[in-house]
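We just call them A, B, C and D in the order they show up, numbering each chain from 1.
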Amino acid sequence: MTRIAILGATGYTALELLKILARHPHVEVTALTTRQDSKPHISEIHPALTGQFDLVCENLSAEEVGQRADIVFCALPHTASMEAVPQLLDAGCRVIDLSADYRLSDPGVYEKWYGHVHTDPTRLSSTVYGLPELFMDRIPSAELVANPGCYTSTSILGLAPLLAAGLIESSGIIIDAKSGVSGAGRTPKLGTLFSECNESVTAYGIGTHRHTPEIEQVLTDICGSDVQVAFNPHLIPMDRGILCSMYPRLKQQKSVEELLNVYREFYRGQPFVRIVENIPATKHVAHTNFCDISVRLNRDQLVVFSATDNLIKGASGVAVQNMNLLMGLDQRTGMLAC
Amino acid sequence: MTRIAILGATGYTALELLKILARHPHVEVTALTTRQDSKPHISEIHPALTGQFDLVCENLSAEEVGQRADIVFCALPHTASMEAVPQLLDAGCRVIDLSADYRLSDPGVYEKWYGHVHTDPTRLSSTVYGLPELFMDRIPSAELVANPGCYTSTSILGLAPLLAAGLIESSGIIIDAKSGVSGAGRTPKLGTLFSECNESVTAYGIGTHRHTPEIEQVLTDICGSDVQVAFNPHLIPMDRGILCSMYPRLKQQKSVEELLNVYREFYRGQPFVRIVENIPATKHVAHTNFCDISVRLNRDQLVVFSATDNLIKGASGVAVQNMNLLMGLDQRTGMLAC
Amino acid sequence: MTRIAILGATGYTALELLKILARHPHVEVTALTTRQDSKPHISEIHPALTGQFDLVCENLSAEEVGQRADIVFCALPHTASMEAVPQLLDAGCRVIDLSADYRLSDPGVYEKWYGHVHTDPTRLSSTVYGLPELFMDRIPSAELVANPGCYTSTSILGLAPLLAAGLIESSGIIIDAKSGVSGAGRTPKLGTLFSECNESVTAYGIGTHRHTPEIEQVLTDICGSDVQVAFNPHLIPMDRGILCSMYPRLKQQKSVEELLNVYREFYRGQPFVRIVENIPATKHVAHTNFCDISVRLNRDQLVVFSATDNLIKGASGVAVQNMNLLMGLDQRTGMLAC
Amino acid sequence: MTRIAILGATGYTALELLKILARHPHVEVTALTTRQDSKPHISEIHPALTGQFDLVCENLSAEEVGQRADIVFCALPHTASMEAVPQLLDAGCRVIDLSADYRLSDPGVYEKWYGHVHTDPTRLSSTVYGLPELFMDRIPSAELVANPGCYTSTSILGLAPLLAAGLIESSGIIIDAKSGVSGAGRTPKLGTLFSECNESVTAYGIGTHRHTPEIEQVLTDICGSDVQVAFNPHLIPMDRGILCSMYPRLKQQKSVEELLNVYREFYRGQPFVRIVENIPATKHVAHTNFCDISVRLNRDQLVVFSATDNLIKGASGVAVQNMNLLMGLDQRTGMLAC
């Protein structure tokens, strides 16, 4: 059994990770951390896990984690992650970092969008971006995997095939994204109170959302020329799920069927991307690691729909895909029959 | 007291109309109709109205309605409305039609989008489109007012000032609209069951939604040249509210403040349109007749946000605005202090 | 116009008060307070109020409030209220206190349930409990009205007629209450985050909820002998609304119709209590000041259902009823046609 | 691989069954039925299953089902089930019936509550009631298992230990049950529309809900003397989950800890019942086969809380437990690590 630690066990991504790992046949969770010193049992933090793990959350050093675990999921806030990751790697662990700290390869871009100088800049260019559908070949041998953001994966998976095929303009791509509230995390804030979010929809972070440079970096990598998106996130009253409605400009007219075939070809053999004929609904992917994609033509305007569960395919599910690849396993292990 | 009838009293628009009219100082509701012959009391149909109206819903002819009412709200399904309206007008009533039957001025366009030959085509060109913020001068003297669709009003109010001022391209305007479920009506259907809609977001009617030609017709009227939109409605898990996120192309760069001033000037003196600095949220307009509008620049891409309560400003509230204008009253009567 | 101040303008009860007062014909809001010193405009705090009030929230002393207002709604947290209220009364204001500080007539009971010594104990016995359906005669001349709790009003209105008539046992009354989340206030807490409450139902405060002694005190007052309830509140995923399902023991068997007649007689002439034949649903009273009540027999077990909007009839609506009575107006003013 | 058929594949219980069976290591789904003749692919009916099953839903006879399957889940409406089950048994299948048709052992009780004469009455007394925590020894050898109702299991699991131990009175047990909307099924009805259920809570079926006799029959069986409950179901705005708040009368006072120990002893070794110290919340059991139980004392009044996912532990999850037992497997197979 591979020994697993999770740093930052109190949030929703840790909860979903643990739900998946509870059924995984080849791993054992051996350490959970929190900054609290009271050593709460994990089932006090997450009552849903009662009876599934007999573990307390401890305030452990990187060295202590390194003695207990082979692979570490780092679910810390940004800036906390760039402090912990080098120590974990030094301690001999392989790390899947769920924060944003290692996703952007250019420390200047990081500083611009996150407002902090990166303290581990030299590692950025060599970190593997953990979107297995695009970077499957680089992940298995990685020491450090930067797990993608939720909006990011959903957007990229929906746009990559068309950009790779040169079918759409690389600039001016409008992304209208709708997310459930769990994406905002578990720290109490006015804006994520039930009575503020329920029975309401609004947008936020227009022009400033930090997933923007991440989407552009990865798509530019795929496309070969500069990709520029207008990313517009919205908050809607549901727990989980992201639907990205994306409006790129086709270079030349194509039929829906031709476009769907581009996607089918691109994702051939990928178990977690489903090219569907219906318009994707987040309910159909909720609590799964699937990303459902389809396209429509609204007269001449192409619309690409991409739907995920923001906590699974957008965070903890893809993290387990990455873990499986690090372990040399089928990426479906613990999530789908394989 | 002006005598009021509502045809089709069992739906949500009738319910919201009655809630508003219950507090209106100058009208008395005298007739409610339904196709059922069992004469249900209105509080059996809408328990929320218990104690507010002592009226039964009757299967009345147009002539009978004409004897009882001065102004009739026709909340029938499309095609049923075009049958009833001519009879109501013949019976001497003034009519506010909440269906789509008299909104499109070209019977050919109606037939194309609704799949029915219009049986009262000659009246279309003379019907007044009941969006008071744009057509205030035509409404007071009208015999028949076509009350706008919910997506329609929300979209038009957000785009009209920029088109009228020639600031945006008139084609290729992307509208990404998010609506609560009540917009789909009260007839039981699989797609509007709680367990289908809740915890889900999806799109529908891409390229085929019938509010498209209505938006284009009115905006073309305002703009003077052909307006073409890509209208993309989405269903989100809430009772009521519409947020339209709209992506027009600016002809030349403007600041957010310059653009907001265009809106403020355009809607000066309009009590129900609020140009706000925050991004509108449907919660802030829910259960009111307000339309909140703001703009943002996402780098160079203009984003216009417009929010309404689909049942109030999108249907029954604007209908009462129209009724007030027909009666020569301040349009706020019964809805805001005036 | 009577001049009105609201202390503690940032919460949900203040928001709902302001929505009602915006349409009230005989009052003018002249002061809003907050502990913040930044003087935020009320529409920054509550965007829903944009365009309705041109007021900033100020950190005012009781004396300053007294100079600006005739009647003060005190929407402060408990303990803060008992500090402010004496000063407001000294400054010549009449006060409607929405906190719990003046609801319990026995300072020892207050201390036991709230964990604080009451600093204004002598005023407790003379404070009027502001439930107009029960204490209509005492309110008009009051200087200080203790506005009831939300669970409290809903429970009391459902039980008072049967206790007053001696039809049920006064002890062992089980109250199973279900509340929307807004009842928990607007201060960010883990337990009221959207992602914690949504798609979940649970109970809390079993045996310790502070509305227990308030319910018992008022019902004991009505009944003439000690009333004892087992109050069991539950949190359900909706914004607003309380449904109390109550299980008292009938002293002797009665029919549903006989029981409903007891209620009808008890509440004759009361515009805001509706005795209904259907089982009350919170949706039917949402955004209104109504309390809907009905009863059922489950074989021999009596079930009383009582439903309110926790923010209106449970807080701000009843506060306006009280204000109307202080002003010598019809209690419906500003809320129902009258 | 054991061959599995599901009769009535279009509902929510079939959907959840298929989600579980997709990951089950020892079964293969070989037939799905519907009364439609159009042979829809299962992913058209349930898009969530796309890519997981390549099966069409067919209008098959019992004989045809018998040729294709070893074990049949019968997810038909009541009365349809009692027609199909005898044929399926004759065809050599073992059957897990998810309808109510075989749950009541007395055909007279069935007729009274369901309003139909039972057409297969002789089989009733020999049918095994499929609640494994209580009837583990009878299930493995059964030909026909009556899968329990959702409210039923949740209530019974919460009350059985105390009744078996003689700690509570067997009559006058009040059950206040709160259920998500999916329990009402997937057939479009006014009462389960999103816009009717959302932002509302109400009760229904007081004194008439058909799970009443089922609860009483099983508990009477456990208790040895007649059990009588007042069952009061409520509908709350969430997809899934049941919380039963139950108010039995203790025969003599016990502490919470003593009572929890009675439960822990009763359910020792049962993997799907968790005796928890926190008050159960439906969120903590959603999408799992767990039943979480705890107790509180509200002064002298005992309160028992029991929470399940109505579609899993309340229907499809317990059905898989039963299937596992029929197959001689660990009952956790396909649901928990074992």
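Definition applied: a contact is a pair of C-beta atoms (placed from the backbone, for glycine too) under 8 Å apart; a residue touches a chain by one contact, two chains touch by 3 or more.
Computed from a prediction, not measured in an experiment: that's the story for all the values here.
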item	value
Chains contacting each of chain A and chain D, listed by label	B, C
Chain whose Cα centroid lies at the greatest distance from that of chain B	D
Distance from chain B to chain A - Cα centre to Cα centre, in angstrom	40
Centroid distance [mean C-alpha coordinates] between chain C and chain A, Å	45
Residues within chain C bordering two or more other chains	180, 196, 198-199, 237-240, 281, 283-284
Complex contacts: residues of chain D adjacent to chain C	172, 174, 176, 178, 180, 196, 198-204, 206-207, 228, 230-232, 234, 236-241, 243, 245, 247, 279-284, 286, 296-299, 301, 303, 305, 307
Chain A partner contacts - residues on chain D that touch it in the complex	22-23, 25, 47-48, 50-51, 199, 271, 274, 276, 278, 281, 283-285, 287-288, 290, 292, 336-337
Chain D-touching residues of chain B, taken from the complex the two chains share	12, 180-182, 184, 186, 188-190, 192-199, 237-240
